[in-house]
């Protein structure tokens, strides 16, 4: 998607006269992070044949994502506007993505068997099937094809209330669940989509408990290999508590707890997703994976824009416990 | 409409990462110019109830346009992207305005009788009826109501091939013609809409002749009080020849000829429209009106953005022949 | 006033080479906020007939303030420079406002009876009478006229030591007090103008006590309907504690306590003033009014520039207790 | 003076929200150019003790001008706003310099004997005596002291109609003439101050003739060693013809003719002044001096801002005839 | 190379405080253009393992250039600073590229046989062998390997006097000539490297004659398939005349003549090189190739930065004669 | 050195396309601060004769540093890139300073006797002797000459691991120690250079103890008059604890403790150095000196860039205990 936000820090949309232009999206954010971490990452979508579509593709190639499977058709690129909050003022997102090229993708125009042949992993989120019925159909088709080809499937619930109702989400996602190996979620999205209520936590330990309960309830929904969850405590629009958790139906693997001042709120969950996939793809033990993924996503909150531009070495440094922020000369 | 263009001069859309954000449109450009020239100008449209709609309204109020009749409903604001050319490289415009709030306006939701009561003039262009069938219907309804109330009507052909075909344009505009007092056009739009062919002029005098022929042919289409036309010679993307012409079915009133280096290509015709309406509204003789309107629009080409921010005194100075560009201290 | 500040965050004036240009002032800030909150707000001042005066007017019209009563005469617009501090470095303001158009307004040139006829409320602050003897005279004349016409009068002490001495301020303001319905103040301005000493508070509860004492002492000075006060704890140039208080001579109505990181220090008191006037104008109970006004001014500290660009719905959300800063999609 | 201009090219003041901040003035521009050309240049003025005064001084020291004789007192720095024109739209300057520190300088507070002792040259322009009576007195005192000490005196007529009337200018400048060795002027300022009418030239050769007549008429006014004049043909706000001329009462020494596209209109005359003083100070023959000074000022028109940042080698290259603009690698 | 230039148009390096950061180089510019034109383009160099090296690679991948063969070793990236001129002021380039990673490449570390296997074309310029003895050796090795593998070789003389003397250039390039199929040159570089004197042309036809003579003299130096030359007339730093020419030892194929206002001087020759290679690679007739390549490079002069961001369709439009610069909607 | 950093706050180098350009260095930072504090400060180095060298000199003169002793020779200016971190992400510095003009200074080309004659103080840091053998030799020569002339010598250990190994540093610095009057250090640099281990402090009091131990161990190395040390607790990349300490071999003089949010991490130690030298040069008691120097350096962390742009009055205000950050009007 095209992502536009006031160029001046903290400025409101109603007052700005210049916008930062970038491209983002849950799955593409994760693809970029995986490419930077050294993986062969492909991004599949549909974009119009105009300079905005070209620029979107370039923004992915720049970081090494392979864009050869992107369809070029349709009329417009989905667009959203971000107005950054601060302190007690929330960040606001305005979507203008109806009738985007991907939402209007014709069923069958993405050749999943050819795309997934010889690949290891298919990763997507709940945003894509929410865009349109044909998108939902393509997601289902992709997930099924992946399973048939022995390609692992991961999926992040990522509920967006402006795209569909909880009921619609549950109906579509429930069809996807049987094909999913790794499920990404948090206490909020578990509640939004599956009505898993775990209370309104007012302390960090309550947040952790609530997330553990959500994990257990989610685990009953299908035969997942692993559930990966994030825990966010909204101290303010500028300060957050943060942790990550893996649950393999037996054990919880939990990261250290972070508290940080945010430079950027968006893209945090996507970088966590990439971090977990990196650990799994590298054959790491779960404790190492969850520390890495949580450090990756904690660090991501210090970088402007949706993309996690950190290298493995930089993330590993923080995952290893160096949180002093000392100058590296 | 929301108007986005690369913030850095001459940059291509595919390479930029910052956009200038502004709001523009043929009719609103003219309204702003008329407000600056001292008129009570109202702008009527439909905008979504979000910060982008608010910002669009603010951009009009800023220059004194009255926005009380703007409907606030619909989902999105029409958007376009401008990539400025230079020298031999053309300026390119990418539209993303399908399903805009105004295009989806419900017939009858604009109460023309209330809006036009006590006003002197209704001004609109061929872009608005081209947006959708309901827009075309609203335009017709507005024009009819104006006539009934004794409000003068002006209309600029302003043909946009991305919005409708020549045949569609001709069908709709032909229905509007009987209600129009003052028609704005140029040789190109006369040809696009009504197939009035006047050759491919390769000299300035040929351009003038071609425009005069177009004027005469247009005059046969309906009972206009006046036809106002602009003459543009595209020397390059950066240099243009320019003049204005009024035709009252008897006489041609022609301005001096301008040649200028462009700072901005867009909004030139709209500022001419405002200049002519200012002269007519002020009861000036045609020679004074055409010199003023042409000076206004020539000067407009030196100002970034769609809006003509010049005062009457500044325009009159150039209309009076002071083209030296000497510093005013 | 013309407001100039280094374009780059935290830059010092002595090192910058680009300035953000805006227009501000205690009364105009409040007028803009009231216009955004849905009121018919007029701003009355005197501005020179040059592009800077035009731009000042446009900056008010942009947000819906009615500027028809602004006189256009005089030579210059009052100007000030802001250098933003951070953490332990204070924000500094350099004034260049001697001989401004408003300071040199000729007594009697503002026709208060015509201006105030049919209006509900006159609002001004201690800055205006401080500008010059003729300004003081105009303020007194406006306040008297308002009383005669049954227009409510509100006034913020807003003492500026660079404009006048405490003795001068007390003399002039004392003449104004009999006409004032609602007095805005804080412990500091009460002390500056009326020598009401309430100690050097070193805790939040001491700050509250000190403000309550000031309120009581102020209440003895004249027959106010209401005194509205803000409480600010300067934790650093970047962090503040904040609350609001209403005192009707019987009861203190106090808001929740806020602590926030500042994006912008200026305009906080003005947004509180607008928030209180909005509540009073809407006929709200005092507890609702003070929560709203304090939330409005707390939020204002997160927006760059003097203007409070928040809508009623956004303020009400925080006034209702949602301080998490969670992303609104 | 503080110099503020819209940060975005060609933007109007009424629409901009960011200003370029710089410091300039006829005499200080010349001082900077002379310092860059290798001379020991002192600048004498009066500036307020605030960050704006500090920044003005720093802007001079940056290029090697000695600022030790600058008085620090008074309340404000003179300020002006520039709105750049383009093509047929003129550049506009708005002054806000009444009551500046230098205009309010107390007679006698500048110790000219100490300042001029051991120096070679005193250079000033008609802008300074125009600021106030005390400035005029200081100029006269400086010129007299210079003569007594054997310091050469140069003076540029530089008439500004917003500062004084022709009659006032003539009265003051006539008193200065006996002390002046080198007079800088052009046909326009000769006419403005001394009523020397030389026609309205409509061709380049008419411009040259007109300038030669002005030189001869000026030469009759006092015993100058040399008169140095510039010739400007305003083709548009963006294109100018340009030449320089020296007249020693016997012979005209005229430079080659330049035609260039302007990047910046202001500071052209000041760089010419510095170029002539450089040639005279270096003991060059007049033909070499006039080619150098004219090349310097022609090149100046290609540099943003008032300052001529060119080195002697760069100017000499163009003075020597290399006008191709070929890339220097 | 890292390319740094003042962010503000026309600003001098000595005065700027912000730099535009980009990456460029003759061969990489051509590679980017070829990738945009649809070719599989590889770029081979050596870059340090730091964020600047990463950014250089990203800037190539962004436009689809394959960077897999880039060595990551060495200490620094070659850097240059550009100060844009205007009108009569020349553009200046300051190089800081000694000891760059590519200059210090260890002979044999680039495996040319593996790199060139299965490729169609090897393209390089005289800048690369000039960087160091090991670079010269690698160039020779690459050219020889290409010949052995049946890969076509093209080479642009591109003489840089700051890198080597004419004698050094001639010695090294003479060794390369036997392996070259297509030679790129112009009258200037032919003279610089091989002492081919063709006069100081003062008219356009003299420029053409001079270029033709250079082509004929170059043709005698080795068995080239084709010589491709550009003709540039430096009207000023802002305006150039421009044409292209192919010479196959029998016939001259010459493009139409262009005259344009420059937005950017650098990268013009590189875009011509890409245009010719595109035509040759597409099997076009020479007249079509030379019109396309010259249109491509003419258009390139209107785009900021070194890269030619134009698509085949956009170039073909101008190559076909549409030079009006009319807005494309 | 030339200092380049992404223009947009928090942006990564790999993603930026605009750089802030400035000049900095430990010794020049201190010189600028001393000049602003009212001292006659000279800076001695070697810079290339190109616009970057000129700009470096201008950046010093701007604040009143005398640059007459700067040699102009050599090929390049040392360069470094800063990528600002935030919260848990560290700030990173990339050096590109091999073969800089100063590193290649020819021994004997700086005439220390002439330079130091009549001066009070010589100040340098461990960075300069680390640059090259000839730099080390020049430092030794300068220190010896200073001693002979009765000029006081101060030196900051300032260890940079990218420039030399601890062993190399110890060898060179040990030769310098006998000539040093005032040694600047902190626990880290004492450990790096002299292997003085004082533990890994995890509390503020442990930090103080560790620093005191380092001071005592350093005091045994030579006959210093005074050791001045800073204490930094890295709470995060954005928040630091901070204090200063003087040790005269008998007594520790310790400042109040600061905790602040950082705007800029670099230049903190250099501003402390200037603050101490200011106190010593002003003949202040040690308690006043250490409070002033620590306040200076604490405040420095709130200013963008390396330079401490604060005046004595502003520093004294905070040194006196006013940490509220209240607006100064």
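A, B, C, D, E and F are the chain letters, set down in written order, and residue numbers restart from 1 in every chain.
In the analysis below, a residue touches a chain if its C-beta (ideal position, glycine included) is under 8 Å from a C-beta of that chain, and two chains touch if they have at least 3 such contacts.
A quick note: this is a predicted structure, and the numbers were derived from the prediction, not measured.
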Return the chains shared as contacts by subunit E and subunit F, ordered by label. A, D
CA centre of subunit C versus CA centre of subunit D: separation in Å? 45
Subunit D and subunit F, separation of their C-alpha mean positions in angstrom: 42
Can you pull out the residues of subunit D that are in contact with at least two other chains? 9, 12, 14-15, 17, 58, 92
Give every touching pair of chains, nothing left out. A-B, A-C, A-E, A-F, B-C, B-D, B-E, C-D, C-F, D-E, D-F, E-F
Residue numbers of subunit E touching subunit A in their complex, please. 58-59, 61-64
If we count contacts the way the header does, which residues on subunit A are in touch with subunit C in the complex? 8-12, 14-15, 85-93, 95, 160-162, 234-238, 265-266
Using the touch definition from the top, list the residues of subunit F that touch subunit C in their complex. 9, 258, 260-263, 298-299, 301-305, 307, 309, 318, 323-329
Give the list of subunit A residues in touch with subunit B in this complex. 4, 7, 12-22, 50-52, 54-55, 58, 75-76, 79, 81, 83, 92, 94, 96, 98-99
